[in-house]
Amino acid sequence: MSTPTEYPMAPALQVARWFNTDAPITLSGLRGQVVVIEAFQMLCPGCVAHGLPQAAEIADTFPVQEVAVLGLHSVFEHHDAMQPHALEAFLHEYRIPFPVAVDAPAEPGEGPIPKTMQTYELRGTPSLLVIDRAGRLRIKHFGRLSDMHVAVAISKLVSERETITGFSTVATPAVKGATCTEDGCTV
Amino acid sequence: MSTPTEYPMAPALQVARWFNTDAPITLSGLRGQVVVIEAFQMLCPGCVAHGLPQAAEIADTFPVQEVAVLGLHSVFEHHDAMQPHALEAFLHEYRIPFPVAVDAPAEPGEGPIPKTMQTYELRGTPSLLVIDRAGRLRIKHFGRLSDMHVAVAISKLVSERETITGFSTVATPAVKGATCTEDGCTV
Amino acid sequence: MSTPTEYPMAPALQVARWFNTDAPITLSGLRGQVVVIEAFQMLCPGCVAHGLPQAAEIADTFPVQEVAVLGLHSVFEHHDAMQPHALEAFLHEYRIPFPVAVDAPAEPGEGPIPKTMQTYELRGTPSLLVIDRAGRLRIKHFGRLSDMHVAVAISKLVSERETITGFSTVATPAVKGATCTEDGCTV
Amino acid sequence: MSTPTEYPMAPALQVARWFNTDAPITLSGLRGQVVVIEAFQMLCPGCVAHGLPQAAEIADTFPVQEVAVLGLHSVFEHHDAMQPHALEAFLHEYRIPFPVAVDAPAEPGEGPIPKTMQTYELRGTPSLLVIDRAGRLRIKHFGRLSDMHVAVAISKLVSERETITGFSTVATPAVKGATCTEDGCTV
């Protein structure tokens, strides 16, 4: 039987700037809500076709007081093409309704992977992160999931009170050399 | 706050015969599981395109000990074209994986609507019925629902223990004269 | 360079009865038009999902004086479930707009494959047959084709005057034992 | 009856730079082929979802000696976000297989609409332009077309020898103020 201490606390987001919100958002400020984070790149075909529409439908399906949906723009390739001013145009044209954080760029010499993406050891984009009411990282998934599976998983976290069942995070080590398929772009 | 007594017990299914099961199934025998019933007609385009594939995905997503999925073939038009031997061929060709009940035909002089469909006062096909662990009818929906909404609704019933929150059945009176649209066929 | 004699004349359809037309239709009566025949079974999932909608779009795209679209209900399995009265209900519910012929049943002792399907040596359903203005069989294809490829092929036949270029029929021997996949049902 | 002189010659493309080709391409150099031009913006949702995939399928369906497919990146909004270096990343990630021209920016003081887009008086993106073997503009369409209609239209131009039938260009005046819908972005 799982106990709360088996799941790691979700590390803080490291954010260069925010869109679609008046004030910066912190994970600790969302304690009590389930938090869904869609990590994406604006030029990642799988993010545009599947990841972001699914995140928008999550935001549309669950009450905001139960589930907070955030975007995280984690650029690890073609950095020049995906600067914040380009992201702003993208968010406008694709009518993304939820707050979006720009993942803080790596320090000089650290390579192409931005800071939050490093910390969470994401394999690529799109990646779905789900954090429970207590701030623990419960789901980390790279690539495509069915709407039904995602909804079941989030629903379980919404309905949790004291006990925790069923999910585990899968730590996926980052590797060099990005490629994109229909499903997503990997580091 | 809702209490259990606010929801009606789901009436027993009235079944002429079963497919995809060795023994007849009763709602009372499924007490303790959430029960999802997909009421359909084999020649209803919306059932074939949306309703039955969604029911199959529900069966694939939820553990069978938590959620039982049943089909209910409720023929209210073109009765000659949708007899049980035709349904058997249909279930084979469309690879329907879950048990399917043939709704018992109406008594002579009662009109075209079969018995379970009458009792549940369904508007047409496809209709989704969801019954909670205690045997109460919690959801009755005619037409199309998103996978995400369906999964959230079923998940809430799965996670219920003592208390009940949120859903209500919508009693929809049956009317004469069937027509089919892309979404479904109405009585 | 191809010459007209390289292509076989399309054999006459052998029809038990017609739907969606006031009078029987013959291929010889359609000479001068390109003729598109969608061979299908009403309980074949690939026919319902892809073949028949594509045939309806062909009928909607090409002027009727240039291209005649016909359905051919060639039942080679589950005969009891797909009798003409059931087909009539199917054509009504799926709003099939073009004339549909019921392929004449095989003689007793000949096996399950109906007569036109035998004559044309079809592999299964859906099969697309295209006949040129001069009555020659130019395309015979089992399974799924993209809308763009189908439109290009038909367009070439529409634009032909004296010369003939490019297509060949592929004679595909009939074999015993029917199975259906997502793409179609084979004999 | 149409005569060749009724159709205007397609004006020369005004191009800042090319991608996916070793040497610049001119319409006059493509005389003898039908030329399909997909005018798009990389941040236009309708271009990404429908226009560009359709152009790629045209390139895949018609022999290159008959039909040349070109992209034309006509940016009329969010110019900073869609500079050529960003386009290069986009073309890579979306695996666009055909040559793409960057529409030459307007002169200072002329407004946001690039030169070729001005000359052709396009309403927005995606727009499909089709030019016949003799270099005449035959189709100009803003928004979405079915694959079947596009294939029929192109096929007719491919099959033309001396005579011309059926198409007309629709001159659509450019207006100020861009907006994007699911189908496209208008000027």
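Letters A, B, C and D mark the chains in the order given here, with residues in each chain numbered from 1 onward.
One rule holds in what follows: a residue touches a chain if its C-beta (ideal position, glycine included) is under 8 Å from a C-beta of that chain, and two chains touch if they have at least 3 such contacts.
For clarity, every value in this text was computed on a predicted model and none was experimentally measured.
Peer 1: Considering only mean CA positions as chain centres, point out the chain farthest from chain C.
Peer 2: A
Peer 1: How many angstrom between the C-alpha centroids of chain B and chain A?
Peer 2: Spacing between the chain centres: roughly 36 Å.
Peer 1: Taking the mean of the CA coordinates per chain, how far is chain A from chain C in Å?
Peer 2: 50
Peer 1: Among the residues of chain C, pick out those that touch two or more other chains and give their numbers.
Peer 2: Not one residue in chain C touches at least two other chains.
Peer 1: Between the chains shown, work out who touches whom and classify the graph as line, ring, star, complete or other.
Peer 2: It is a ring, because the chains touch in a row that closes back on itself.
Peer 1: Using the touch definition from the top, list the residues of chain A that touch chain B in their complex.
Peer 2: So the residues of chain A in touch with chain B come to 57-58, 61-62, 146-152, 154-156, 159.
Peer 1: In their shared complex, at which residues does chain B touch chain C?
Peer 2: It comes out as residues 43-45, 48-49, 77-78, 80-82, 85-86, 88-90, 92-94, 180, 185.
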